[in-house]
């Protein structure tokens, strides 16, 4: 009970803190913080369309966040979310624009599936290099991000270019919209179902349990008969596949084609989201949604109040800084002790 | 900051009708907004487009606003926000925004869109199309005339279509004025990595003895100019602003100026008159949207004369027959 | 004798738990003062307060009559207090030399004057008979040697009060004797020693005075000469303890495991095993005696499938093992109590419950459809049962095992391994660091497993333990088996010589 | 066309390699100091950007590039203190704070630039640091130009490599410092002040990463624009891992990146037919191949990335 209270209380306080500093900043540059924040709120929540935009924004973040969560749970640092996201989309666009004779939902399903596989393969590379050659996955996955993005650039300026703009053709079939008032597409449903599956897998199945064990102590896992390397490779592949599916969904749901800047920054956002969400799939979704609120709201706020875009980025960073600092703060041994002194009945003998 | 936010809560599909009636009253202040995927302070494309909007807006009495450093995924939502906020005209300076503009324009029939380098014409989208070929020809001709080493260079930021056309016609024009010309080109893969621009220019000079360069890569170009300034008799041709009119330089010999403001002005007037849509405003030498910039002293009089003659031919369409 | 140090009313809370409550302790100059207490009684905590690693919740410390505030280990060092921690504080990526000079500011030079310092250290080492290979990386020296390095570290810093927190847990008898010589030399120089150990024989041999802690409280301080083992044990656990003697059995015909010419050589020649042939029968305990660092770890890992031998074969229940994989060995009913419970046995960040079912989660008892559905209720029920049956003291089965005392951690490993009803149990240092109560408990469990027909390979550096439990004793030296003896009336002197490599 | 193995080509290629490797080297050393104390900082890109801005700004105002470098160093420290406080004192996740810096610092830099310079159609230029050839040495054929005709920052960067080596393997402070990244509790119990050293690590990291950024805008090019850093921080991060947490290795890694990038640009100029994206992949792919070929099992400082609290078990 007291834990729940603290868990809700602290993020709220942290976000408030960052807003106060943001307000000071806005005032300094001659803006009106109240007005700005009103826009922020309106932008994120005011109309069904705006709420929809927020959800749309959250979708790719959920995928990359889940990808990071899955890898980190097994103790592997997949920083290659962006590359896997992009490769998923790349294969999807290739398949869906070249495959003849299939249309409609079957085409989407094929396209998403192959995108997922592509992400999985891209994720498998650092995994294989790690378990066979002992290479550090961080460096490999960062390098692969650059390669994937350049490869995508090659495709949309070269072989898959359509017309006179450096971009690919648009996907022939798009993910359907759920509501008529907003652009929210079925990608969010896929994301949420995936979240539940991952949550169930990690915390309610034996394989998930073992995967977490490997993530926490590899040596003990090995001594206790868990196939450590298999799990590590598996988590790389699944992590990549999740990101790849994310890229595919983003392609079919919102972007429809590849062009410069596709998927930019989602990989690292995902890592931050997963960590802030305490490596819990549900937490990941919530944090991804918070990020999305900040971003859609921020767009409106910037547009409405006319502040430089950078101010919005500063406020966003402050939210991260304060939110994480807040939760780290209450987890400090000293502070935990303080809380337990305050809340619990005193005098408990040692065990 | 905006003050009439009360009427801007309309849904995506339809902007409320009182907005429309409002736009017909005379004392309405019109508003124009610009979106940008790079920075408006990049000293290149972004800055030029922004300044064009400011210039045009001052003339036509528009209020202005901008959002820069956008990622691809944010193009559409940002324009939607502007549309919701009651902006009349949205300026999207680049054909990479085409999709997003089309999508948002379809949902906001009463908001107007100006798409630079675009090829779309609808009821509320107007394309502004400075003639990339003419720009390339002009730069190429000047480079060809000025080069003493018979090697000239080109730096692209990304492989945009306009960039490719510029490169192509740059090469053609240079070869037309000097058949021995060799053209070297490279892409920085970025519009902001100035250091890379410097390295590319440096390697072109040292390896290929390039002595005149032209670039289509914003901040990267300024890096290239820095490399050139380390050598004697190496020159750069500027664009889209008239660089020598703003800043002194011992490298820049002239600029191919694109006056997007003139084209934007036409759009703004159309907005006011209510005659917006279904057209492409071409920008070329003949309507002054493209022009010859200030020359430096390094350009000898005879070359200048010859060059201006060629520009005249380009304007007439007789320079290179296709 | 003058009082060197007084700790007054020291209280230390961790979260809700009082690790120390109003503890009073007086250390005199030139004495060996022993702290005795069960696992989790608060000995290490008290000493960590003294060394400045922990800050007491309340209470005060007087050193040479002056009140002092020890807020960091460097402060303690300045006062002349040095400590050898229960868990080694050695940086594995560094050499012995580097570990010894870490943080020392004896001379003002920026650079490390290697040759001069080395000479100093070696002089000090030979003065106290602490034999160390100064240029070897920590990972390449044995546990016993690591212990010597720890002591050297403290001495090199010029400690007047040396705290030794369970220094003998990982040492063999011969090494313990060496350590006691060091302690006696220190005392003769008027230095003081705080000694912590669970081994009553050692406590009675070396101490001058003994303070007993129980559940965070000071129970009593006694003079060594005015007490005996029984009284100490009773004070420690709060009740009388009956020590047990186990009967020995002779080897049955039926082999559970047979090793034929097994060799494994990983890095150095000291680190492998060579040409080992052994059998373990049903219902017998084969004790492996030997100085720690003679290949016992590798032996244990080979017979549990963790590492693959380079040469030789292993037969399990008469069938040749084709592939070495821990999981296959587990499925063949082989249990393993590994030498380092924290590193190899337990997942510290997981709960008691999760560690208990780590190996058996996919059994139909706990899950359906190959683990797709877990029977959470049954798992909880089982864990609570185990908590009771094995007397695991934790606040709940959901507590992270990282926060349990060593004894309780070991009980979790024991519960997990024995509940599998193994046919072969490989137990490596099963009672290292455990108090006498817990030790007896573990011994009883191993014996009862044997009596149910389980074959046991018991590897221990504690010779007493080997003698007490083993039905047969094999002696290891430099990776080889140098002799096998019957556990009933074993020739102790002969075995000791064999352990030292002096068998004929 | 010239042959590829032309001596001038090689000289220019190497010169370009040295120039391009320098910022990566400085920043990789920054990360090396950070990770050796157990602090993984992926916010290098952000610190560099802010260093680039403040270096440029001060250089513009004072006309002195050296003051610009100093400003870069100071601002690097300031930015990195956010990371320092949250990760050292609060024990918060290091990756998250690196990310936060990567969002925060470039935004702040962009903001300050716009406020100060407004929007102009060309980039504002400041004074560029002059090269200071080293007498005699710069007369050595080929190598003289390649190595001894640079700005002082370049010399300092390369000098830092042996200095760092000496610091970590020959000095007491270096030994103590390394112990913190390996086993902070042991270090603490040896009387080493872990917190203090971690802060020092953050200060060094801030200084070097800030200088790395300021180098770009005061000694490499003389303008600032958003995005000047262009991902060099992440390359530096990789260089540390590639270099196995050793200064010599880091130098090699930075040179490899610099070399392949310089080569790639030249290949682009020479072969205009090849899609540039494929050539631009060369630095990344060659890194992967070199790594895969040699294979590194080294995991870096043991306590890297883990929070440390004195009273935690």
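Letters A, B, C and D name the chains as they come in the text, with residue numbers starting at 1 for each one.
Keep this in mind: contacts are C-beta pairs under 8 Å (C-beta built on N, C-alpha and C of every residue); 3 or more make two chains touch, one makes a residue touch a chain.
Note that the structure is a prediction, hence the values are computed from the model and not measured.
A.B. asks: Which of the two pairs, A-C or B-D, is linked by more C-beta contacts?
C.D. replies: Between A-C and B-D, the larger count of C-beta pairs in contact belongs to B-D.
A.B. asks: Would you mind pulling out the distance in Å between where the CA atoms of subunit A average out and where those of subunit C do?
C.D. replies: Going by mean C-alpha positions, subunit A sits 45 Å from subunit C.
A.B. asks: Between subunit B and subunit C, what is the separation of their C-alpha centroids in Å?
C.D. replies: 75
A.B. asks: Find the geometric centre of each of subunit A and subunit B from their Cα atoms only, then give the gap between the two centres in Å, rounded to an integer.
C.D. replies: Comparing mean C-alpha positions, subunit B is 35 Å from subunit A.
A.B. asks: Give the residues of subunit D that touch two or more other chains, as numbers and ranges in rising order.
C.D. replies: 110, 114, 277, 280, 311
A.B. asks: Give the residues of subunit C that touch two or more other chains, as numbers and ranges in rising order.
C.D. replies: 14
A.B. asks: Mind pulling the residue numbers of subunit B that touch at least two other chains?
C.D. replies: 69, 159, 189
A.B. asks: Thinking of each chain as a vertex joined to the chains it touches, would you call that graph a line, ring, star, complete, or other?
C.D. replies: other
A.B. asks: Okay, what are all the chain pairs that touch?
C.D. replies: A-B, A-C, A-D, B-D, C-D
A.B. asks: Subunit C touches which residues of subunit A in the complex?
C.D. replies: Listed in rising order, the residues of subunit A that touch subunit C are 204-207, 209-210, 212-213, 216-217, 219-227, 336-337, 340, 344, 347-351.
A.B. asks: Would you mind writing out the residues of subunit C in touch with subunit A in their complex?
C.D. replies: 13-19, 21, 40, 42, 215-216, 304, 306, 325-327, 329-331, 336, 338, 343-350, 354, 358-359, 361-362, 366-367, 370-374, 393-395, 405, 408
A.B. asks: Using the touch rule from the top, collect the residues of subunit D that touch subunit B in their complex.
C.D. replies: Interface residues on the subunit D side: 2, 8-9, 12, 16, 19-20, 23, 110, 113-114, 117-125, 128, 216, 220-223, 225-228, 230, 261-262, 265-266, 268-270, 272, 276-277, 280.
A.B. asks: Would you pull the subunit D residues touching subunit A in the complex into a rising list?
C.D. replies: 82, 86, 90-93, 95-97, 99-104, 106-108, 110-111, 114-115, 231, 234, 237-238, 241-242, 275, 277-278, 280-281, 284-285, 287-288, 291-292, 295-297, 299-300, 309, 311-312
A.B. asks: Within the complex, which stretch of subunit B touches subunit D?
C.D. replies: Of all residues in subunit B, those touching subunit D are 38-44, 47-48, 50-51, 69, 153, 159, 183-187, 189-200, 202-204, 206-208, 218-219, 222-223, 226, 241, 243, 246-247.
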